[in-house]
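Structure provided below as structure tokens; questions to follow.
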Amino acid sequence: MNIRQYIPAGILVAVVVAFQLAVVLTGQDYLLTQLTMSAYYALVIIGLSVLMGYAGQISIGHAAFFAIGGYTAAVLTTGAFRLSPWLSLAVAVAITVVIAFLIGIPILKLKGHYLAMATLSFGVIVYRIVLGTGVFGEADGISDVPGFTLLPGLTVTGGAASRVENYYIAWFLVTLAIILLINLINSRVGRALRSIHGSEEAANAMGVNTAGYKLAIFVLSAVFAAVGGVFLTHYTGGIGPSEAGVMKSVRYVAIVAVGGMANIWGALVMGIVLNYLSLRGYFGTYDDIFFGAILIIIMLFYPDGILQRKTLDDLRSLARSLVARIRGRR
Amino acid sequence: MSFFAVENLSRAFGGLQAVSDVSFAVREHSIHAVIGPNGAGKTTLFNLIAGSLAPDSGAIRLNGDPLQSLPPYKIARKGIARTFQNVKLFRHMSVLENVMLGRHVRSRAGFGAALLNLPHTWREERSIRQRSLEILDTLGIADLADADAVSLAFGKQRIVEFARALATEPTLLLLDEPAAGLNMHETDEIARLIADIRARGITVLIIEHDMSLIMDISDHIAVLSSGKKIAEGTPAEIQRNRDVIAVYLGED
Amino acid sequence: MTFEHVLQYLLAGITIGSIYAIVAIGFNIIYNTTGIINFAQGEFLMVGAMTAVTFSRLVPLPLAIAIGIAVTVAVGVLIDFVFIRNLKKPTVLNMIIVTIGLSIIIREVALHVWDEKVRSLPYFTGDEISSINILGAYISPQALWVLGICATMVVLLNVFFKYSVMGRSMRACSANPVAARLCGINTKNMVTMSFVLSAAIGALAGCVMSPITQTQYDCGTSLAIKGFTVAILGGLGNSTGAIIGGLIVGILEEFSISVMPLAYKDAIAIAILLLIMFFRPSGLFGKQEVSALKEF
């Protein structure tokens, strides 16, 4: 067994713990709330990064799966149903698997623009449904979703009292997801997924069931998104139609692109940083413009993402030319 | 029953009969070639055999099992590997990883096992790596293992593609114009490689335009013209065949 | 349903369908020279109409529309110069992402410039009351303007592509860019020209439809999805197909109102889109290869 592949995950755990300690020591534990939310969004993003970066299949509809998870949990644990959150989680995952499977079979036969448009359209349909259906609360969404008691004394819910434990619940999930994805990427299956990206025709000729693998990774990434949706809905106590919006899906794609397509660590880091800044309101009313702009800038200047050597080299040469210029002036 | 056989295979595109009622049999451990001038239907025939096209009628059999209308990945699982005319290596993957992908049909770890990294998957992964390195070594390109596959020179890429195909441990190797785009020196190298592959007990079916390569290495040749088989025999017989000469001279 | 009702829906469907056809032709023009589906195509209509609305208070309507077109063309040229020409890795995935990013930026800038209010141009001639009665159905003078202008645009585009040197060069580029370059055609300029043309027809379509459907900063996305539906229905790159496809989608949408709640009207186009892509990705009139042509 290759222990070395888990070193980054160990570093992640250390960083998570260190951050929590630092925040508590400096008395700024309110920051943990946005980090918890960012972690749930990161679940969508790392799943999408494997779908897009490794298997090479774009999806501009992943917010739909997040919403399917969140809305299922919200509907089933409130109002007439009031089911146990565990049960509603299971139902949400099951529904997501079925929908991703059924929509994935025809959609994943498409390529390029067609795949992009089809996933975008799927997202729009889900958005219209949650926006126009009474059960889903129409424009208001669903609120008063109860907490999710995982174990006695350990509940996914908002509020200052349970901030620290929720931070750890969210990051436990992210770490778990990352470890699963690392395993996948470094396996025979991961290699097959990358080969589809490299040349679908050759992959098929070498015995890779390309349609099957594409469907499997599509469903897996949808499940990651749905689980993120379920937990975030319990954490914030509600969900609204904007979670299903096209803009959310585009934002996920943007973050994956910034992190570097085939790089789950890049996707995770950028997912946390950008979602955190956005949730803290740093971009104000320019939130959407910001994400539109980073999409374009990344594609123009850093089509392989910004977390790579080239960025450092660029910065270094920029610094060098600045230094040279300053010296020249003397 | 022959080892591999194409029986009355036909395929049309609109009004054009690209392959028309073609039959031939390939003996085990032989090098069998299909030649013909441009537009003779060679590529269509190849695509039919490799499963990227479905025939209108006719059969393709490996040890009697019908292969026609199976998708390419299932054909690969039957022990048939192929190369591409313009070399299709996997982008964003190293030479070693390309060859390791060739071991896909010879390994089993599924989606669930891979997610959980169960002990048998990492043991399997280790043997995949080992076997792939051995193959690179026998083809003399072990030093390229970590190079980015698609940035190699074209001739080297072709050898990597051979290595990838051999990694599947095929019983039948399909070669689509293996000399296309190569210089004379590289063509000689490929000829030696093909002979070497046959010596290991792998049957080879080549579709080729380059006559000199074919005449040197094949045991048996079928000639296509306008979608039909017009001749079949040993290289010596084909060289004397009047129809073949007419077709090739007519072309030039 | 009475005959008058059927005729009424039909007329409404043809009117909105001809707008969709123009959006689809806009997609086609850029697709044919670059292989890019410009996801910001819908925003061209929005920018054209919004600019014209703003200027219509200051200058006469025809001049306001001309300004709207000019501004939109400037945006189109800017997109080509700044973004399309500078793309380092012009893969399909990257181009999709860039044009999506552009559509978001244009939309959000429009939000900051014009706020969220719904606006519209006045009727070009007459008003709602001066509708014309045809066999019991009513058609507004603006609908006639829509039909007339869309038809004129289609005819002019056809003449342009068939007979002018520039139009023929653009067709050469789409058929074979390398050969076109070897023949001395500046393919980059042809790409710019395609952005100019498709921005111009988009802006004009946006202006002429504005009095009927009204315009808001975020109306581009749904227009783009419908225009794309129509483009695929007619076969990507095929402009005759786009006209027929536009009419089909427009008419189906209007008739859907009589059997389904109004809220689901937009879902019709998307449902058609998904159905075509699954069962006939080359479109009703397209060549089989087109869908396989562009890979990542």
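Order of writing sets the chain letters: A, B and C. Residues in each chain are counted from 1.
Throughout what follows, contacts are C-beta pairs under 8 Å (C-beta built on N, C-alpha and C of every residue); 3 or more make two chains touch, one makes a residue touch a chain.
A quick note: this is a predicted structure, and the numbers were derived from the prediction, not measured.
K.L.:
Starting at chain A, figure out the least number of steps needed to reach chain B through touching chains.
P.N.:
1
K.L.:
Quick check for the class: compute each chain's Cα centroid; which one is farthest from the centroid of chain B?
P.N.:
C
K.L.:
Which chain is the middle one, judged by CA centres?
P.N.:
A
K.L.:
Between chain A and chain B, what is the gap in Å from one C-alpha centre to the other?
P.N.:
The separation of the two C-alpha centroids amounts to 42 Å.
K.L.:
Can you give the whole-Å distance between the Cα centres of chain B and chain C?
P.N.:
47
K.L.:
With chain centres defined as C-alpha means, what is the inter-centre distance between chain A and chain C in Å?
P.N.:
33
K.L.:
Spell out, as numbers or ranges, the residues of chain C touching 2 or more other chains.
P.N.:
In chain C, no residue touches at least two other chains, as defined above.
K.L.:
Could you list which residues of chain A touch at least two other chains?
P.N.:
As it turns out, chain A has residues touching two or more other chains at 197.
K.L.:
In their shared complex, at which residues does chain C touch chain A?
P.N.:
37, 83, 86-89, 91-94, 96-98, 100-105, 107-109, 112, 221, 225, 228, 232, 263-264, 266-267, 270-271, 273-274, 277-278, 281, 291-292, 294-296
K.L.:
Which chain B residues qualify as touching chain A in the complex?
P.N.:
50, 52, 71-73, 76-77, 81-82, 84, 88-93, 97, 100-105, 107, 109-111, 113-117, 119, 121-122, 124-125, 128, 164-165, 168
K.L.:
Spell out the residues on chain A that touch chain B in their complex, using ranges where they run on.
P.N.:
1-2, 180, 183-184, 186-192, 194-195, 197-199, 201-210, 216, 220, 262
K.L.:
How about chain A: which of its residues touch chain C in the complex?
P.N.:
Contact set of chain A toward chain C: 52, 56, 58, 60, 106-107, 109-114, 116-118, 120-122, 124-125, 128, 132, 197, 200, 246-247, 250, 253-254, 257, 285-286, 288-289, 291-296, 299-301, 303.
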